[in-house]
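Shared chain: chain A. Partners: chain B in the first complex, chain C in the second.
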Partner chain A sequence: MHVYEVFVKKDGRDEFRHAGALEAATDELALVLAREGYVRRAEGDRLWVVRRDHVVAADDDFVAPNADKPHRHHDGAAVAARRKAARQSRQ
Partner chain B sequence: MSGQGAIREYLLAFADDEHLMGQQHTEWIGVAPFLEEDLAFSSIGQDELGHAALLYELVLELDGIEPTDTAVDRLAYGRPSREYRCCRLVEYTTRDWAEALARHWVYDTFEAARWRLVADSSLTRLAAVAGKALQEEAFHRRHADALLDKLLASPEARTRMLGALEAILPMVPGLCGAVAGEAEAVRRGVASAPTPDLLGPLEKAIAERFLVEVSGSGSRSGSHSTADGQFLRTVRSTDFEPLMKRMREVLDYDPEAVW
Partner chain C sequence: MARSWATMEDFEAFLDGGGLVEAGDGMPDAYRRAVFAFIEMHANSELMGGLTERDWIPKTPGLRHKMAVLAKTQDEIGHGHLLYMVAADLGVKTRAEMLEDLFAGRSRFHNVFHYRAVTWGDQVAIAFLVDAAALISQQAVFKNCSYGPYKRILRRIIAEEGFHMRLGEDRMMRIAGGTARQRQMFQESLDRWFWPALQLFGPDSKPDDVLLRWNIKSERNEVLRDRWVQKFVPMLQGYGFTIPAPDLRWEAEARRWDVGPIDWAPLERTLAQGGPDSARRIGEAADNWSRTAWVRTALSDGSGS
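Moving on to the complex of A and B:
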């Protein structure tokens, strides 16, 4: 048996969203079982199943170092506020 | 038998098969071999119950009764056993999952062929139901095939599946058995061919799927078709009453309840 991650896309949306996971013996069984488990109530119109061991996953500490780099975290709010203030002062 | 009576019998046999098969599939909820299958199989069972409900509505319309939920329930659950027209295969209490799976494949293969016979029915409502049902049946078969592809490739599972098939096979001619009056219903264009015509192709499909000999039951069925109650769908097996009791368990608390 393999674990499969299930992704579902809603009509009109661009992205597939992760819906859950299931165990199945073959790709075809994974699709068939995902259909009943995840889209039988019209949750979406397209379906992917991906074997979990086919996902290229980073190690946990691969991502963590970026937490101590606050200069990469600004969301532009300060800049936006300054631009807004500048606009208003011109009026 | 009058034309209307013949059509009614034809629809009733179809509806009763779907009803009992749906019930049997849904009984695997909570006890199927693994969680995902548990959900999938009982969901497929619900599709069959949906077909049954639509077919019972057509029967009620022939009877001149408004097909309310209560009226459908009464027809589905409330008849004396001699008035049911289901076949032995759908009444049968399977002994294990292998038998349930073998029956699932055989029944759904038969069912798709049966819907195709009524896809251009003179009963336009029936033809409309067939369109929807055939879409669902394609998936039901795909589900059963996906499991069998895996299981028949493994020696132990194959042995168990073939043992299960052996238990199922004697009931296959009865599955294709015609109710009295079916010839008249066919004459009126309700179906494009009689149900027993499906037996030969079904046995051939079983032989190809399971890679076994399915010998002779097709040729025997001719002699059964007029005399034997099993093939006329008028005789209930000993599995029927216990099944009906389970099916009626909730309903019997309050037959007039509105859901």
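Moving on to the complex of A and C:
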């Protein structure tokens, strides 16, 4: 038996979202169990199952450096202030 | 490896800040065991509840309600599947070990499934009172649950339990609008099920309850129990039924119902597998498990797991 991670996507909305996991012997049975367990009432119209041991997961340490890159953001406040100053100086 | 915490103080500070713990985290062992035991009991209860529901498929009156019971049975068994998966990922017991313990009477499930549903009125009372009690408890856990995988799976379980509760109310309204005999049947069921449903919430939470401290539960048992009492006492009375609580009284100043003293001995008996129907229920569940072995074999890859 394998553990499968289940992903569901709503029609026209959102990304595929992780819904949970299940245990199944084959890909085909995993899809059947995912349909009966996770999309019983039209919770989505697209379904992925991925074997857990096939998921390539990054360590937290690998992801963490990108949490500290303020230069990748721009909140626009400085630009807005300059834009306002420019508008006032034209009047 | 994901996150870990050097001390329990660090871990509790993380929880107090609204942190969510994930399956791969190096959580303190005491937390792992507490959250596991809680989810295991929930999973067991879904499975035991689903089996009771299944017993009523052939006996449910009317095609529409029969189909609804089929769907509800599938929902409950499905919830069991989802929860056993979440519990197994905590690495305390495998799913097979959890089921083995359940069928050997070594693990717990909700008190209400230690009683026998004898009449259709009982099924109505269960769907109306017990499903509502379970839903109130689950909503309170979902609101602030610190264990991420459980919180996320509760979202879908709660949505489906909402259907069950409305189904229960629909049934109750039908039986309330029925013949004198039907109303009498439901009153007798209410007499049998009111207290077990109320006791599902458990006795007042202890001040040092780790489930509360670690945000596994977010509200105290007595608060949840009171929410149920304040909703269902007037509702049942409104349909002309009698609440089987001799000391029931309306506190005019506080504007609330007081059901009087609660006898917790029946709850304790069910927790020790000594409820009126515990032995039969556990035996039936175990028999069912062995009778359905061929289905698992057919669905397995031949390794027998």
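The rule is simple: the second predicted complex is superposed on the first by the 71 of 91 C-alpha atoms of A that agree within 3 Å, B and C clash if a C-alpha of one lies under 4 Å from a C-alpha of the other, contacts with A are read in each partner's own complex, and residues count from 1 in each chain.
Basically, contacts are C-beta pairs under 8 Å (C-beta built on N, C-alpha and C of every residue); 3 or more make two chains touch, one makes a residue touch a chain.
Predicted model only: the values in this text are computed from it and were never measured.
Peer 1: Please work out whether A:26 is in contact with chain B alone, chain C alone, both, or neither, and reply first, second, both or neither.
Peer 2: both
Peer 1: Just chain B (first), just chain C (second), both, or neither: which does A:14 touch?
Peer 2: Once the two structures are laid over each other on A, A:14 reaches no partner at all.
Peer 1: On chain A, which partner's contacts cover more residues, chain B's or chain C's?
Peer 2: C
Peer 1: Quick one: classify A:43 as touching chain B (first), chain C (second), both or neither.
Peer 2: second
Peer 1: So, A:60: does it touch chain B (first), chain C (second), both, or neither?
Peer 2: A:60 contacts chain C only, not chain B.
Peer 1: Let me test your reading of the model: by the given contact rule, A:35 touches which partner, first (chain B), second (chain C), both or neither?
Peer 2: first
Peer 1: Return first, second, both or neither, reflecting whether A:75 touches chain B, chain C, both chains, or no partner chain.
Peer 2: neither
Peer 1: Across the two complexes, find the residues of chain A that touch chain B and also touch chain C.
Peer 2: 22-26, 29, 33, 36-37, 40
Peer 1: In their shared complex, at which residues does chain A touch chain C?
Peer 2: 1, 3, 19-26, 29, 33, 36-38, 40-41, 43, 59-60
Peer 1: Can you check the complex and tell me which residues of chain B touch chain A?
Peer 2: Residue list for chain B touching chain A: 34-37, 39-40, 43-44, 139, 142-143, 146-147, 149-150.
Peer 1: Spell out the residues on chain C that touch chain A in their complex, using ranges where they run on.
Peer 2: By the definition above, chain C touches chain A via 1-3, 74-75, 78, 81-82, 85-86, 89, 95, 149, 152-153, 156, 160, 299-301, 303, 305.
Peer 1: Under the stated contact criterion, what part of chain A meets chain B in this complex?
Peer 2: Those residues of chain A that touch chain B are 22-26, 28-29, 31-33, 35-37, 40.
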